[in-house]
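I have a structure here, written as structure tokens, and I will follow up with some questions on it.
Chain lettering (A, B, C and D) follows the sequence in which the chains are written, and residue indices restart at 1 in each chain.
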Amino acid sequence: MKLHEYQSKFRFAEYGIPIPKGQTATTASQAFTIAEEIGGPVVVKAQVLAGGRGKAGGVKLAHTPEEAKKHARVILGMDIKGLIVKKILIDPAVEIEAEIYLGITIDRAARRSVMIASSAGGIAIEEVAAKTPEKIVRAHIDPCLGLPNYQARNIACEIGLSRTLWKQFIHITSALYRCYEESNASLTEINPLVVTNGNQLLALDGKMTLDDNALFRHPRLAEMRDTDEEAPAETLARQADLSYVKLDGEIGCMVNGAGLAMATMDMTKLFGGSPANFLDIGGGAKSDKVAAALRIILADPNVKAVLFNIFGGITRCDEVAHGILSALGEVPTDVPMVARLVGTNEEKGRAILAQSNMITAITLAEAAQKAVEAAHGVSVK
Amino acid sequence: MSILVNKNTRLIVQGITGREGSFHTEQAVAYGTNIVGGVTPGKGGEWVGKVPVFDTVKAAVEATEANCSVIYVPSLYTADAILEAADAGIPLIVAITEGVPVLDMIRVRAFLDRKGSRLVGPNCPGLLTPNEAKVGIMPGHITTPGNVGVVSRSGTLTYEVVYALTSHGMGQTTCVGIGGDPICGTGFTEVLAMFEDDPVTEQIVLIGEIGGTDEEEAARFIAEEMTKPVVAFIAGRTAPPNKRMGHAGAIIEGETGTAESKIKALERVGVKVAEHPEQIPELIASL
Amino acid sequence: MKLHEYQSKFRFAEYGIPIPKGQTATTASQAFTIAEEIGGPVVVKAQVLAGGRGKAGGVKLAHTPEEAKKHARVILGMDIKGLIVKKILIDPAVEIEAEIYLGITIDRAARRSVMIASSAGGIAIEEVAAKTPEKIVRAHIDPCLGLPNYQARNIACEIGLSRTLWKQFIHITSALYRCYEESNASLTEINPLVVTNGNQLLALDGKMTLDDNALFRHPRLAEMRDTDEEAPAETLARQADLSYVKLDGEIGCMVNGAGLAMATMDMTKLFGGSPANFLDIGGGAKSDKVAAALRIILADPNVKAVLFNIFGGITRCDEVAHGILSALGEVPTDVPMVARLVGTNEEKGRAILAQSNMITAITLAEAAQKAVEAAHGVSVK
Amino acid sequence: MSILVNKNTRLIVQGITGREGSFHTEQAVAYGTNIVGGVTPGKGGEWVGKVPVFDTVKAAVEATEANCSVIYVPSLYTADAILEAADAGIPLIVAITEGVPVLDMIRVRAFLDRKGSRLVGPNCPGLLTPNEAKVGIMPGHITTPGNVGVVSRSGTLTYEVVYALTSHGMGQTTCVGIGGDPICGTGFTEVLAMFEDDPVTEQIVLIGEIGGTDEEEAARFIAEEMTKPVVAFIAGRTAPPNKRMGHAGAIIEGETGTAESKIKALERVGVKVAEHPEQIPELIASL
């Protein structure tokens, strides 16, 4: 789960990381009031969970409250990569001497969290990493020690930070790691961490991604989820504990297991079709979950055929079959369905589906081929 | 021969009285696995079928001399269950549970490295050596003994491949599901090394998917350390671009992580990569 | 630094460990009011930093507020092993089914903290440990993990705790470890942890010892120090950052280094004398510290001679010599003094002392012998 | 020959610009110790005499190839300084500072065990190999080269004994102060083993004190593993009974920890125990 910039920065501030004293607004007149309170030039920033908002015109400098109001009116309601801006952050504008990049994430290969820093912060940091990797400093974090001061000092030293800023920098890195760990984050990022013309470090932008599997420990963070930022189908899927991503194809896929789901999608392509979605019903899925999954797939008007590919381990084929029938009972449809059930209780599952008029298949190739044909209107019964 | 589990495996089941634990214990016993005990705190002294239940892994190990544990407890308790097994001296721990928080796993993995226990998983289907031991949730009836070693990051996709192998008369030495989580106990290279050293394994199937750099590392290992042929399948060619973790994720992963990167890395070192899972037997036959 | 029972228990309660809802009193009438509020039988408990207060009559059961007042009057002002009781704790009395011992301390040999538990809690626990060691359960704590639930369960299992109490027990052990670690304690102890007749676990007594070297991190805990419970000389010594323990002999010893201080004390005994104190002025002691040390030694009326034994490493003999002269200037005395200075700047130190009329010595044996002779009135000049 | 430090020691000083650090650096340089650098964060680029100062141990190691570090930073920063040295790959770290919190040291010690660095101290006088290297605060002029290995938990009491040895013409191979803290980096047995293996060391002096069980463990080690003679002194016969840590401390320590227990344990395995420090040379002469 991703947090908005303002949510991330307010959380950073709880750990003592200095941030601009800004406020959020949902209307242009609120933006005016906030800018007036701040009393100097402000920056109006769209709060959307998408990259590239700057390029899209979602971040604007305003010298007066009137100007802030004008910008707010433009930005609120703006469509950025398919997401509508419903909230803006009004931050005081800051004179910037330098921009630092500072982030913490998981390094799978090292099996550690890693702090990454660079003196070349800002939006071009990925380019810096690709072209001048020596400007990127990494420090792997021992889970037993957290981030000891010496590591923060090593980083400060290696990015060539002025000594007058070391104390602040050590404070910020240590706070950022505690914030990361105590939030069960998989990413915390300050980009840029700026040096102001008053020689202070300030977190100008903030980003956090939380580990969904650990949200049960952090009810206050879990509540921060902005469902406006999800496609409605994804919200429904999450509530039913399904992993779903909408795609542009015509073949709805319902599969147990992420790897098999991806392989199934790849197969539809191989046989000339295109997947309408990624959908993993997970291990041990019961019939109500299967029914919810089917409703989500059928709600997509692009779907011309549905392909069920269930290979039973924890998941039992009979339960999946029940789920399919029960969902079909609730959501009558003309969309053709191809089902392939293998593994635990496969005979029972097939017997249950035999009552319906589904197309069945034994191999995955056969199933994918039949689904593509069905979607493209070829008779396959 | 085989790797990791066999007839000498003395298995305990953590979470044996739970829904999944009891169901799969029954399946594993029916398969012939030597399950010597189970653990559910507070239910010591009960029985699940003919398997005695203990309150703690320590007590189970003392009573049964177990040398392997499979974990079915809910994700909330999985890290603790793994630590408990390692602390009780279990050399091989197989965690089936999915949804374990990543930072928990970093801590657990560091502890295991200190203790010298091997973990397979979490979020994996487990291990199966045909006709010897089924440790986890792989359906036994799709496997058959033979000379192909299977290692996979996926769950059900592994079954798909094993099923195809068996259908084509190609038996397996051991099928190993290493799990797809960012931090897992055992990676591709470690399993490849074991297959390389196993005298019976003749060919190896590697099943990967997008994300991480484990396949790229496996390719390097195959080029440098392996003499046996490897064929592979990588899932995710049509998947939407991997949702990376901000700039940090992009910096860490660079150009790796996509199906293209993995397939290229493997093909570059001579590994044949299948276009779809059921093509695997064909590629093996062509070796 | 040791905490009182009430301080320890109130700290435990901050971590969610159940304790009796008692209050402290410093007068008998307060004790009456508290007992009245509690409304049933109460226990009146002397708060002194000494063992064996029960045997000394410092813990009494009262059935009525009147009785509590009577006991309070007796216990307040009581002398327990040289300490005067100035505060009492009034706890509601509890019906006890069983007594458990639970403690955490440092195991030097294992280089770990260790949790110790026994079903045979209560005052005889040391006897239990000596006679039936199998009744004592130990669990070493990995500093990277803290106390995971499984370890607490193993302990519960091994001390034969009823399953109905496991959840409470795991909660208490985990809280006790967090309290230990977050207080930088070297000991936290609940003895007894009782099972009440309502099948609840309750910390009836509590003990904490804090690491003096880490008190700078815990200002709130450092303020809990009860200087009433120290000999005034020990308070002065602590304030001057000196390590001092009063003993019963006649030869005051001032030494740098704990090992050498003990060896010096041992030497006075070997030559027929007896040490009046242990006093370590530490490494690198400056003259003001030496002066403070001398004042403390001379304040003891038993002291018949003073032995300075300084072997300079960090400590510089000239600074010690200055300190001695400066202290002698402030505290004129007839007590004979024997000084032995060896090591860093020893010549300078000896030159400085040559101005005074001190007895000097080259070897430790010589110094000890001269000090004993001086104390016993033998002329040694 | 010698143990731990010698002419090849390339020493850096952490906290070199502090009062103690600069004083003892001067002393050690005057003694002939090869001090290649110093570390004080924020003072990189400065000099202390002819010794260059760096901001971090990492930078110092890169520039100087240091293989040993001595730490004089205040107790508040000592744990971090030790971790920093270990992480920078320094194989031998000597911490002079006293007053380091015990729980910090437990964490530090666990990290060192993982990293493979050896720590001596904290709260110790350091190491001295006569005429080769002085790492710490032992006064150099009281030592002289010879065949006696000295290991001690005390600071100044060590000087007392070394001074007596030198006065009696008995030189030392290396003098090692292991420190008196509850959790320290190196114990008696590890140093005894090094002296046993050092071809030049002929006799060993062990200086202990009350508290802990390190002397008792040393006695066991001497009986089982050592061929060279050991003489000992234990301080604290007249000390007030060790203030134990509640019941827990008593349970852990049992009957050990007193001067009597330690003297008995050593004498039982044939170690001659002196009545006072200056008697040590006499006991060595009698071997």
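As a working rule, a residue touches a chain if its C-beta (ideal position, glycine included) is under 8 Å from a C-beta of that chain, and two chains touch if they have at least 3 such contacts.
Bear in mind that the values here come from a model prediction, so they are computed numbers and not experimental data.
J.: With chain A set aside and the rest fixed in place, how do the remaining chains group by touching?
T.: Apart from chain A, the chains cluster as one piece.
J.: Between chain C and chain D, tell me the centre distance in angstrom, where each centre is the average of that chain's C-alpha atoms.
T.: Comparing mean C-alpha positions, chain D is 27 Å from chain C.
J.: Distance from the CA centroid of chain B to that of chain D, rounded to the nearest Å?
T.: 48
J.: How big is the gap, in whole Å, between where the Cα atoms of chain A centre and where those of chain D centre?
T.: Each chain's C-alpha centroid was found; their separation is 54 Å.
J.: Got the chain A residues that touch at least 2 other chains?
T.: 142-144
J.: Give me the residues of chain B that touch two or more other chains.
T.: In chain B, the residues touching two or more other chains are 107, 110.
J.: What is the shape of the graph in which nodes denote protein chains and edges denote touching chain pairs (line, ring, star, complete, other)?
T.: Graph shape here is other: it fits none of the named patterns.
J.: Could you list each pair of chains that touch one another?
T.: Pairwise, the chains that meet the contact rule are A-B, A-C, A-D, B-C, C-D.
J.: In their complex, what parts of chain B are in touch with chain C?
T.: 41-42, 44, 55-59, 77, 80-81, 83-84, 87, 107, 110-111
J.: Would you mind writing out the residues of chain C in touch with chain D in their complex?
T.: Listed in rising order, the residues are 101, 103-109, 111-114, 116, 125-126, 129-130, 136, 142-144, 181, 184, 186-187, 189, 191, 207, 209, 211, 213-214, 216-217, 245, 247, 255-260, 262-263, 265-270, 274-275, 278, 282-284, 310-315, 342-344, 363-365.
J.: Tell me, which parts of chain D touch chain C in their complex?
T.: 20, 24, 27, 75-76, 96, 98-104, 106-107, 109-110, 125, 137-139, 142, 152-160, 163-164, 180, 182-183, 207, 209-210, 212-214, 217, 233, 235-240, 245-252, 254, 275-278
J.: If you look only at chain C, which of its residues touch chain A in the complex?
T.: 143-144
J.: Would you pull the chain C residues touching chain B in the complex into a rising list?
T.: Residues of chain C touching chain B: 142, 144-145, 148-151, 153-154, 157, 163, 166.
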